[in-house]
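Paired with subunit B in one complex and with subunit C in the other, subunit A is shared by the two complexes that follow.
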Partner chain A sequence: MEVEAFITVLLSASLRASIPMLLAALGEAYNEKGGILNLGIEGMMLGGAFSGFAVALITGSVFLGFMTGVAVGAISGLIFAYLSVTLKLDQIITGIGFTILMVGLTGFLYRYFYGRNFPTLGVSKKTLAIPFLSKIPVIGPVLFDQHVVVYLTLLLIPLLHWILFHTTFGLNIRAVGETPGAADAAGVNVAQIRYLVAVFAGAMAGLGGAFLSLGNLSLFVPGETQGIGYIAIAMAMLGKWSPYRVFIGAWLFGMVESLAVGLQIIAVPVQPEFILMLPYVGVIVAMVFLARNARLPAKLMLPYERGER
Partner chain B sequence: MNEMGWTERLRPYISLMFAIIASFTVGAFLLWILGINPLRAYQVLFEAGLGKLGITQTLIKMTPLLMISAGLMIVLSAGIWNLGEDGQFLIGAILVGVAAPIINAYLPKIPALLILGMIGFLGGAAWAIIPAVLRIWYGLNEIITTIMTDYLAIYLTSWLVKGPFRDPSVIPPQTPVIPLVRRIPQIWGGVHIGLIIGVVAVLGVHFLMRNSTIGWKILVVGKSIKTAVHTGIPVARLSMMAFLLSAGFAGLAGANGVLGVKGLFQGDWNPAYGFTAFALVYMARFKGGTVIFLAYFFSFLLLGGQMMSLRLGTPVFFVTILEGLMLIFFVVNEYLFQHVLERRRS
Partner chain C sequence: MKTQLRINQPDLKGEGTGSPSNQEALVQMRGITKRFPGVVANDGIDLDLYPGEIHSLLGENGAGKTTLLNILSGIHQPDEGTISVRNEVVHFKSPHDALEHGIGTVYQHFALVPNLSVAENVILGLNTAWILDLKGAERRIQRTMEKFGLTIDPHLQVQYLSLGQQQRVEIVKVLFRKPKILLLDEPTSVLTPSEVGELFRMVKQLRAEGVGVVFITHKLHEVLELSDRITILRNGQRIGAVTPEELANQTHEEISNHIVQLMFGGVPEEETEGTYAPRVSEEIVLTLEGITILDSQGVAAVRNLSLELRAGEILGIAGVGGSGQKELLEAIAGQLPVAQGNIRLGERLGEIDLTNKGVPFAMKMGIAYITDDRIGEGIITDLSVAENSVIRRIDKRPMSRWMLLRWQAIFDFANSLIGAFDIKVPSPQILAGTLSGGNIQKLLLARELSADPTVLMCNQPTHGLDVKTAQFVWKTLREQASMGAAILLISSDLDELLKLSNRVGVMYNGELLEVLSIEAADRETVGRLMLGERS
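This part shows the complex of A and B:
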């Protein structure tokens, strides 16, 4: 019984913990498949986390908070698309500029309005148990007694996989990332596709950020994302842009994180920093083993110029 | 034709100037929306760096930026995106913090400082070996791996300083304090020799990249690996060298922080110079003189940001906003400039 309870808590907590990164990684997978590498994801997550938190705090509506997070992410994605697709600016520089700007902007606004009061949203019951299904041992509490956004994410995974790998639209996205010239010749609007994936990735990052401050923590702190956005980029590459594989990777990552918290709670004499280190080691090791034969999309980070070979 | 060459040469400076003006304008607008008088705020911002104290503080702050920038000038020229400066800085810093009491016990001041500087440099370089090997021999993108090693280093150093490397005689987690007499010799009001090392490093790299065969070869590798391979340039060896040198300079900046400014390594210390150095090197277009100017300017702003926060209650993050805006505006300006020029030509 003890063991079952432990596993149940670990699985459900780690699933919830993995959601911010998972959402961002799913968006980034589309982005990268379409030929865009967005290092601004980290900043866009911060934007979603702060704006979502602030709106939820002011209006008292968590739903509006999430909507704001998504909108801020999508607008950031749109600006990023304009800079990298229309103006064809260097994606790495623009992405880094974006992240610096967002770190500054969210930190500035938070400190300006809330100082060091560290406001939190009222702790309410956040999960929505699905009748009957949530009563199944282990699986019930893990998969069917979660936050609405967790359900949404779980539903998105197969949908996103299907769109990317089994529809013409998905084929267009992949074509735009690999051979934009051929896609263009076949009548695919390269710029339009790239705009779409960039806005989508921004919205997903914003939602992920909002889940961090609204779903997981109920508070915002400057720099709250702690590099989750970059891990999301790594996760998208590690999962070879397949939403299913990205999901598994993200969940494993969440497990290590939850383990760190769990060991703290049951007072195992180990420094939390030591455990918090492990996910990053894990990502590097995984990259060594998995990504060696993972080929990046051919036109990743390269703007498309009509008529160029 | 000659005239065109002239505008071409001035282009980066004009882009830079407009980027600074544009970011300050947006910043002023933001302050105005929040009900803060922008003129008053900028007055405070600019006054902080004036006077003897302001100038010395700015010079102290710019030293690590110079060292990290020197490394970035090499590695970015080689077409390698080492974004792991913060981690390499921390590893260099903590090794120096731990080694200093031991080395100080056996060696006189100057040799001890030289060896500690070496330890910082090598520590930073060692921290980049894994991403460098993965990039150069396995073709694994270094952007993500170096950022991962950043976070790894943040937790590793903070674990080490709270656990194994902790000075047990004091309560806060830190390495033993280095006595003032064993720190880097000062030149003027707190400004120490580290500044000279930083300036020399930036200028040295500037001339190395422009006036030496090895610098030229690194530039070729950065422009086109194919060309480099065909002309018989040892791409792997040069890339490795550039990668490790840049990481070494970041480690040296860490050593500078411990030996020149703080005198110890503290738990949860992460000054995060990496992105600032990255932004300024890029905006300086790898030119040594401009790098030094921008490093001074950014430190000047940082100091002004702290003064603003003290006097007007505007959070120090304001300067981070300016920095991000400047970088984005700079890239946009470069684009606009190029387009305007092209249109005028045709």
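This part shows the complex of A and C:
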């Protein structure tokens, strides 16, 4: 019985912990399939986390907070698309610049507005148990007694997979990242597709960030994302841009993270910093073994210029 | 009104192009001009295409054929001129617009997505329904292929197909959209003879169905076999045409003479400036024996080629671009591996085997290669002129000692080259990438000649240069030859080749068809060989 409880808590907590990164990684998978590498994901998550938190605090509506997070992410994605698709700027520099800007901006705004009293959102019951289903042992609490955003994410995974591989829109995305010239010659609007995936990736990062400050923690702290935006980029590649594989990768990451916390609680005598490091080490190890044969989309990070080869 | 006029006057000929009296043109291009930085690719070109005809475009490399075709397919937008499709003036902003008007294009460099299946490639961009119906698409693709007698498994990923099969996918992709106008840019260059037969059969079937076809090729016999009308371009201008009447009434030989004359003839010989007496010695410096070079796809770019190069001679290699000339030079320079045969240097002093020994060894043995890709391969744009000038000898004294650069020696050396070759540069410290094309070429010449090469290879040495610089390059090459260097010269400028060379070899499709003495090499003879017509 104790083992069952342990497993239930581990799975449930790790799923929940993985959601911010999973959302960002799902968006980034689409982005990269379409030929855009957005290293600004980390910053866009922070933007979503801060703006979502601030709006929820002001209006008292968590829903509005989430909406704001998504909107801020989408606008960031739009700006990123303008810089990288229309102006054809270097995506690496643009992305890193975006992240640095957002780290500074959200940190500054937080200190300016909330630096004296460190407000938190009232703790409310955050999960929405689905009748009957949530009573199934293990699976029930893990899958059917979660935050609404967790349900939304779980529904998004098959939907995103279906769009990418079973719709003409998805075909366009896959073609545009690989050989934009061929897509253009076939009549696909390359810039339009790239704008759409960039905005989508931004919105997903914003939602992921908002879940961090509104769903997981109920508060914002500067640098709240702790690099998981970057992990999301790695996870999109590790999952070879398949939403299902990205999901599995993200959940495993969440599990290592939850285990680390668990080990601390049961007072295993190791440094907490060492334990907190483990999920990141895990990603590096996974990259070494799994991502070696991952073939990046051929025109990732390259702006499209018609008539060039 | 226009149509009316044509019916009343069936003999009316637009710019020498015969116009079928009772048919409305599918495409009318008028005064098409397209400029790229530094070149006028198309200069006021007119082109007509009628239903049910195959209209061939002929011309040397850089004559503007592909540019014209890319304008019609929506890749480029013309700077001047108008395009009408079925008497409606159109402005294509993208390939999508051209596709909407029933124009299907098979590009010279394929436009396929390698990691998608054949079926996915075929329906890409159609966007007929939101849901991807691959099963239905595969059935319809099968039907299209059956109609034209083509076979290919629609499930296969394109990256695992041969070039000929990829070509077939391109064609299926175009046919699937039922085009009224079909543009083919050098479709036969990657095909085997039987595949060419299949392609021609299909093109003729489309013609019978009333499709208008624009066909670009370099092969004269293909043009004669297929065409209903021929337009010849030269230096971006339309310089002549062969009408359907002429094609019907003249023999192939008469027509081919006419075409060769238009493409290559009629240029007055320029007088050779100064006295230049070639002193070709008997000493064979470089021997190539049956070499075969494969390109990245594993296709032979050069086939079983043998050649002897003597000290003091300039051997020019003519050929339509992509006939294997570049690969030949790169293999001698050690950049490309040789699959078969061998390359040997010297005779009297004991032979040295150069085959597959790599670039540093070839350089050490006195091989110098001046690439046609001056900016990409010739210089390092972000290094200074001085650094570029010593790049071959940077690891040797006096340029460096104990791995430390000796700037005084480097600058002295650079200044001596700048002076000797009259390179226009304010200081050797300036970045090489900021130089003009002519000065970059001078820098490359200076650098390679400073190594005192036994064999000097030049690829397009005066391409894009002004006349004065070009003359400087010619003078330098002649001087080198008279001092005993053996020079292997590739140029798409036939006049240049004929002016400089002592012998002229012609490559076609990876083979060295013939090596002519300069007396036997006139424009028509060389031009005919370049098009694959053996005399």
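Note that in this section the second predicted complex is superposed on the first by the 308 of 309 C-alpha atoms of A that agree within 3 Å, B and C clash if a C-alpha of one lies under 4 Å from a C-alpha of the other, contacts with A are read in each partner's own complex, and residues count from 1 in each chain.
Just so we're on the same page, contacts are C-beta pairs under 8 Å (C-beta built on N, C-alpha and C of every residue); 3 or more make two chains touch, one makes a residue touch a chain.
Everything numeric here is computed off the predicted structure, so don't read it as measured data.
A.B. asks: Based on the superposition on subunit A, does the combination of subunit B and subunit C result in a clash or a fit?
C.D. replies: With subunit A as the common anchor, subunit B and subunit C both fit in the superposed model.
A.B. asks: Can A:259 be said to touch subunit B (first), subunit C (second), both, or neither?
C.D. replies: In the superposition, A:259 touches no partner, neither subunit B nor subunit C.
A.B. asks: In the superposed arrangement, which partner chain does A:148 touch: subunit B (first), subunit C (second), both, or neither?
C.D. replies: neither
A.B. asks: Does the superposition put A:248 against subunit B (first), subunit C (second), both, or neither?
C.D. replies: The answer is neither, since A:248 touches no partner chain.
A.B. asks: Examine A:188 and indicate which partner it touches, taking first as subunit B and second as subunit C; both and neither are also allowed.
C.D. replies: second
A.B. asks: Based on the superposed arrangement, let me know which partner A:271 touches: subunit B (first), subunit C (second), both, or neither?
C.D. replies: first
A.B. asks: Going by the contact rule stated at the top, is it subunit B or subunit C that touches a larger number of residues on subunit A?
C.D. replies: The larger set of subunit A residues in touch belongs to B.
A.B. asks: After superposition on the shared chain, which partner residues are touched by A:170: those of subunit B (first), subunit C (second), both, or neither?
C.D. replies: Only subunit C; A:170 stays clear of subunit B.
A.B. asks: Quick check for you: in the superposed arrangement, does A:178 touch first (subunit B), second (subunit C), both or neither?
C.D. replies: second
A.B. asks: First (subunit B), second (subunit C), both or neither: which does A:101 touch?
C.D. replies: It touches subunit B, and subunit C stays clear.
A.B. asks: Roughly what angle, nearest 10 degrees, sits at the C-alpha centre of subunit A between those of subunit B and subunit C?
C.D. replies: 70
A.B. asks: Considering the aligned complexes, could you tell me the closest Cα pair distance between subunit B and subunit C in angstrom?
C.D. replies: 5
A.B. asks: Looking at subunit A, which of its residues have contacts with both subunit B and subunit C?
C.D. replies: none
A.B. asks: Considering only the defined contacts, which subunit B positions touch subunit A in the complex?
C.D. replies: Of all residues in subunit B, those touching subunit A are 34, 81, 83, 130, 134, 138-141, 143-145, 147-152, 155-156, 158-159, 162-163, 275, 278-279, 282, 313-315, 317-325, 327-328, 331-332, 335.
A.B. asks: Quick check: in the complex, which residue numbers of subunit C touch subunit A?
C.D. replies: Residues of subunit C touching subunit A: 70, 73, 75-76, 94-96, 99-100, 105, 107, 109-116, 120-121, 123-132, 173.
A.B. asks: Hey, which residues of subunit A end up touching subunit B in the complex?
C.D. replies: Result: residues 37, 39, 83, 87-90, 92-94, 96-105, 107-108, 110-112, 222, 226-227, 230-231, 233-234, 237, 271, 273-274, 276-277, 280-281, 283-284, 287-288, 291-292, 296 of subunit A touch subunit B.
A.B. asks: Going by the contact rule set out above, which residues of subunit A touch subunit C in the complex?
C.D. replies: 165-172, 174-175, 178-179, 181-189, 295, 298, 306-307, 309
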